[in-house]
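Since the structure comes first, as structure tokens, the remarks are kept for the end.
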Amino acid sequence: MHVSLKRTSEKKGLPPGSLVHVGARKTEKVMITLIDYDETKYEERQIERIEECLPCDITSGVRWINVDGLHDVDVIEKLGNQFNLHPLTLEDILHTGQRPKMEDLESHLFVVVMAFSRNGTGDRIESEQISIVFGANWLISFQEKEGDTFGMIRDRIRTAKGRIRRMGADYLAYSLIDSVVDNYFGILEWYGERIEDIEEALAINPRQDSLQAIHHLKKEIILLRKSVWPMREVIGGMDRSESPLVSDSVSVYLRDLYDHTIQVMDSVETYQNLLSALLDLYLSSVNNKMNEVMKVLTVFASIFIPLTFLVGVYGMNFEYMPELTWRWGYPALWVFMISVIVGMIIYFKRKKWW
Amino acid sequence: MHVSLKRTSEKKGLPPGSLVHVGARKTEKVMITLIDYDETKYEERQIERIEECLPCDITSGVRWINVDGLHDVDVIEKLGNQFNLHPLTLEDILHTGQRPKMEDLESHLFVVVMAFSRNGTGDRIESEQISIVFGANWLISFQEKEGDTFGMIRDRIRTAKGRIRRMGADYLAYSLIDSVVDNYFGILEWYGERIEDIEEALAINPRQDSLQAIHHLKKEIILLRKSVWPMREVIGGMDRSESPLVSDSVSVYLRDLYDHTIQVMDSVETYQNLLSALLDLYLSSVNNKMNEVMKVLTVFASIFIPLTFLVGVYGMNFEYMPELTWRWGYPALWVFMISVIVGMIIYFKRKKWW
Amino acid sequence: MHVSLKRTSEKKGLPPGSLVHVGARKTEKVMITLIDYDETKYEERQIERIEECLPCDITSGVRWINVDGLHDVDVIEKLGNQFNLHPLTLEDILHTGQRPKMEDLESHLFVVVMAFSRNGTGDRIESEQISIVFGANWLISFQEKEGDTFGMIRDRIRTAKGRIRRMGADYLAYSLIDSVVDNYFGILEWYGERIEDIEEALAINPRQDSLQAIHHLKKEIILLRKSVWPMREVIGGMDRSESPLVSDSVSVYLRDLYDHTIQVMDSVETYQNLLSALLDLYLSSVNNKMNEVMKVLTVFASIFIPLTFLVGVYGMNFEYMPELTWRWGYPALWVFMISVIVGMIIYFKRKKWW
Amino acid sequence: MHVSLKRTSEKKGLPPGSLVHVGARKTEKVMITLIDYDETKYEERQIERIEECLPCDITSGVRWINVDGLHDVDVIEKLGNQFNLHPLTLEDILHTGQRPKMEDLESHLFVVVMAFSRNGTGDRIESEQISIVFGANWLISFQEKEGDTFGMIRDRIRTAKGRIRRMGADYLAYSLIDSVVDNYFGILEWYGERIEDIEEALAINPRQDSLQAIHHLKKEIILLRKSVWPMREVIGGMDRSESPLVSDSVSVYLRDLYDHTIQVMDSVETYQNLLSALLDLYLSSVNNKMNEVMKVLTVFASIFIPLTFLVGVYGMNFEYMPELTWRWGYPALWVFMISVIVGMIIYFKRKKWW
Amino acid sequence: MHVSLKRTSEKKGLPPGSLVHVGARKTEKVMITLIDYDETKYEERQIERIEECLPCDITSGVRWINVDGLHDVDVIEKLGNQFNLHPLTLEDILHTGQRPKMEDLESHLFVVVMAFSRNGTGDRIESEQISIVFGANWLISFQEKEGDTFGMIRDRIRTAKGRIRRMGADYLAYSLIDSVVDNYFGILEWYGERIEDIEEALAINPRQDSLQAIHHLKKEIILLRKSVWPMREVIGGMDRSESPLVSDSVSVYLRDLYDHTIQVMDSVETYQNLLSALLDLYLSSVNNKMNEVMKVLTVFASIFIPLTFLVGVYGMNFEYMPELTWRWGYPALWVFMISVIVGMIIYFKRKKWW
């Protein structure tokens, strides 16, 4: 996950409800897809003029408008006017980097969630804000960039797989959020693999880059947690909301989704604990290693420094050093020195330093 | 406990309620056991065709269907159809690795719990998802593999021990969950023994493998906690649920079971704290040991390095070194050096380094 | 406190409500004491046959039956039958090592608390499960071993001190629990003294056995906390319970007891924080000490290793070494070496290493 | 942020409601600005005599009185009398360093928030207490110093941008608090940048001043958190308050603001976690570095100390040392010593110390 | 703050409600001051016989009885009888070291708070339990020792400053507690200054006594926290209590006091975090310093140990050492050795060890 800690505050001072796109422009062109479906029909088309989306011409079934790309404020504003969205809703849609949230605005419900996906090379995880607004028989979803996040749901509607064609806009909203939450499991799996990789690497040899890797994962999971944590409120809020827009038949699905979210949060917390445990392991291993290094040094130094002193003694040039003239002086010294060495080694062995 | 951090996300994108078995195939053949009992009769048989389990032919007493092995989706689906289970329930049964949960689905209650057992060699702990669905006079339990988890309950029914034959399906459900929770105590005991082993080992000598053992236990208990934590909600939820399927007479048993669950959670938390304390002890011991090593090095080096310098001085070949020709130069130097050694030792003794 | 982490799971698989004594047998013989009292009379006797305790023959006042020793399951079972206790209650009484709990069983209330006492030599703390069951005008208390835990209450009843003779079984229950909680303060005081002892020892010299002592206390307080924590629920539950068995006049006493329990918990938490602070202090002291040792080593080595090199130079046997023949070579070298030593000492002094 | 831990307690002992200015005097002269506006008119003037602010002469629209500078107690008191403010309200306005709070006083609502701004040179963050009191059609804001905190809101009113001219005093209050909260994002961004700077610096080389920088940020964020944390209650309290002074149409804005506050708090917590992770990284890096240094020392010492001993042996002056006269003694010794060196290097390479 | 961890358990075993003074005797003589006041009159006198305090002779206004010194149990008991106080209340008054608490006893409210004051020399903080009991028109306050804690309130009543003369006993109780809480700010300021002192000392040089100072403050704040934490419940409880003894007009003052208490708790928590940060800083600095020391040692040793070996080689006495007779051997060796030294220094400089 590449998340900068910098949040653009360029909007500072504008009146609330001002429409300014905040965030990186991630796609070339705003693309609007309109899907009309009910139990019997399915119609999908790309539209150019926003006026084609008028909610009044929905006769039966559900109309799903998907907007890829947020940088064209004008499009968003027109959509907002046609569907009578609250200015603050539009502001939140445009201002990416929102905290996930759910708002019941009487005529429609507004949900912001954060989707994660691996980037092209697969070694980084990117985040994208997805905003969903839905009313009785329409739903508008806003994505920061083109992508296949919702492709499988489109397929499911097209092929009439599952019950989606028989259900309303609330079930569609559930399906979209469910696909986002489902993606979390893939991301978590990816993190789990990386944690296990580090653990295996640590078992062999604690290295500086293991430390960097632990720190990196730790930071990413802190930031991931920040995005995932509010999801519980979002989905719990949808389930508990007394809005007539969320029908009872969808409630059991939302509760299931809620359980999944809790599971994601459990895993995030578990990963945080595992990473803390890994850091402890790393630090202890480094400490252990240093201890081992110190023991080697101490053993060498403690054995040879005294002996070096001793041979230094007999290297002195005093005129009167009787030992120097003894016949067995030199061999005796060797015997003495070897016994010192052996004695020290036994001593250190007993102390388990060797 | 051998728990991989990897959760299969192979189901990604399928519509909710799709039946796909997720998890390792732990048994060869799906085995279905059907037990009919009431206060007077007891009948047990293995069945081949799922149609034999029709709920309508239960006249009196309780029908318990136990399914070992989840890989045959077809069997699960047929059972689901016959007992009118919700597709999400079937999905959760098949998708192992669920968070323990309890769901009140009007016509039946659905409970998922996680059982733990020591493996054959007894040095590893394995987890298994157990799903229980029960209605007014029937109960279906799903296990991932054949095993004697519920063997003792079968015996109890057969021999009419305790009150189980006089009670309904809710008491049977309670008994099954109770036997799972009872098993936790054995697992906890096993962990307790391992913690005490490590503690004793640490008291003697802190070694690298103690560290690995602490880390290993820590990780396992983090993962165990994740499975045990939701049990409180599950059992508390069953007790508080206003479903007519849970009779008042079972309520007192559920409260007792709830107390046991809290006790398990207390122990898990206590073990986490004890392991943290052990890690602190380990680290401090290593630090202490390093300190001791350092002191030995410092004492040796501080005594002999200056003396080596001194003998080096009198090993120089200057022509004019008056000390070299003194009659008592050599013995005087020895006297001086020995008094230095003695002085240093006294100094270090006073500093408690020796 | 000598607490083993091992919990006997020998009961595994028995039907709930099976009566098996789990725990160490701490007394030779089960001793049953029966006390009948009201405002005017007081009668105490040891009984042999359990049938003498029949609740029906209580005409006025309160009957208190105290059972010391739990290993004779038969006695407990007969008592249970006579007073119509729930099988799960009897099971919890026999299965020591329970989490403290309170259960309202309509005709009687059941309370389990954990008492602590110093052992004979006073250097260890032992725990004992105390179970109390009481109805309208009777109370049965179960202790694991003979002891004077309740001696003072017996005295108070005998001598009619305080209001105990005028009150009912609920006040007696309160008095028993109160005496258990009062004991906690003595235990806490004992821990407080040991913490202060360690702190004083640390101020003088951080030693390995201080570390062991800190770890030992830490572990004991983790386990103590596990027993004390649920007391809040127990006593709060008794106060809040709408059972007619707990009269309003006892409520104010229970609230006072509740405050004491909170105070005990506060102290336990405070001790945990203090022990953490002590461990931090210990580790920092060890680190500091190592730093000091390192400085001594570094100062010695940095001064004498270069000088040893220097004298080594003039100990070489090259034929052409002009310095060796200089008249003032040797004294000049000494002057140089002494100025190096002095310079180094000044340098290290400035660095505050000396 | 320059926050002293010292809180002036000079007010100690005065009766509650005594008006004494507590805090630094941050501006020369108290400046009072009076703005009257409604949908059609806008009037702004500096006033000298406080009597000009009488609430009774507000006929239509909203009157906003902004007071810059708090040291003139007399002005505050007169304002308080005219608008009938509670003495405790006035005391809190004057006593800077308050915890942010919201109080519903029937005839008016009182809100205290804490604003942060970068100082002139941009390297320090300063805090300022902002108090807002508002009634049905009037609002008084108190700032510690002149500044442009509310300049943009004045502009918005003047130019009738957004809906502010059409709304009441409650919307104005919301706008003021919103501008304060908006500022937090800038401050957080600034902290985020500094955290990333430190992280980059650490990746290259862990230095003492990185440690100081981490500590400094940590301290500032602890103090920032103290000011930001209560904001949730403040804004949540305004939204939930049943005061008729907060109209329903403002409620949706307050909820939006509430979400922003939560987002700020999330970020503060995230930054705390990131700083902890950075400190861990720093410590581990220092440890690693020390380990590396130790290895170099150990390798050098372990190789050359034994060899120095060896050459010392042949520097001895014993008369009978046969090796000294051997023809190939010297080259043989070299061969031996070089093979020792090579052997040691291979040994250390294998241990990955080199 | 000098707080012993020892809590006297001398009361153990006495029936609840027994009146025994527990705690140090801090004053010579019990002093009782009686103040009668209403809007028009003020009367203050020292009384000798407790019978003069009879509540029945209060005709109008408020009677405030202040008792300094708790060791005369008789006085307390008589007061208790006259004002009809509950035995448990009297017990709590006498048993100092209580947890702050509030109890609504129908006819009167009972509040225990903990006051802190700097001792004579100003370098230690002492705690004192203050108990307040008040009814409709009377209030009794109990202090452990004579002191001016409430002097300023007496002055305020005497001089009719503020609204105290117009209000009832509940406002007086509020004023007393308020003066205690106000004192906390002074204490916190004192701690804040000491924390800043330590921080400055650490910036210059981390020393062992900084560590002791941090530990000392940490311990004191842990104990302070224990006393301050329950204050929230106490004051919140008074505000929420439905007792007719607390009038609505006092409620706004209690809420203000509640805010102050929260502010105190925030500060205590902030100080705990700051001390943790300081300890981290200290430990890191010590580590850094050790690292620096190690580098110096390593640089010296790594440079000179190999060179000492080299000069040792040419100090050997082999007969056949051709280098010794070379004309330029000695200068060549110097050139080689100096280039080794320079090379090593460059190498270490590059590694940033120098």
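When the chains are written out, they are named A, B, C, D and E in that same order, and each has its own residue count from 1.
Everything that follows uses one rule, which is that a residue touches a chain if its C-beta (ideal position, glycine included) is under 8 Å from a C-beta of that chain, and two chains touch if they have at least 3 such contacts.
The structure displayed is predicted, hence computed values, not measured ones.
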Cα-superposition angle relating the copies chain D and chain B, to nearest 5°: 145
Computed distance of Cα centres, chain D from chain A, in Å: 26
Averaged-CA centre spacing for the pair chain E and chain B, given as whole angstrom: 41
Of all residues in chain B, the ones touching two or more other chains: 283, 287, 290, 294, 297, 301, 305, 308, 312, 315-317, 321
Contact graph of the chains (line, ring, star, complete, other): ring
Order of the ring members, counted from chain A so that chain B is second: A, B, C, E, D
Chain E to chain C touching residues, read off their complex: 4-9, 11-13, 15-18, 86, 88, 92, 98-99, 101, 103, 105, 205, 208, 211-212, 215, 218-219, 222-223, 226, 229-230, 279, 282-283, 286-287, 289-290, 293-294, 296-297, 300-301, 304-305, 307-308, 311-312, 314-317, 321, 323-327, 329-330, 333
In the complex, chain E residues that touch chain D: 152, 156, 161-164, 175, 178-179, 182-183, 185-186, 188-189, 191-193, 195-196, 203, 252-253, 255-256, 259, 262-263, 266-267, 270-271, 273-274, 277, 280-281, 283-285, 287-288, 290-291, 294-295, 297-298, 301-302, 305-306, 308-309, 312-313, 315-321, 352-353
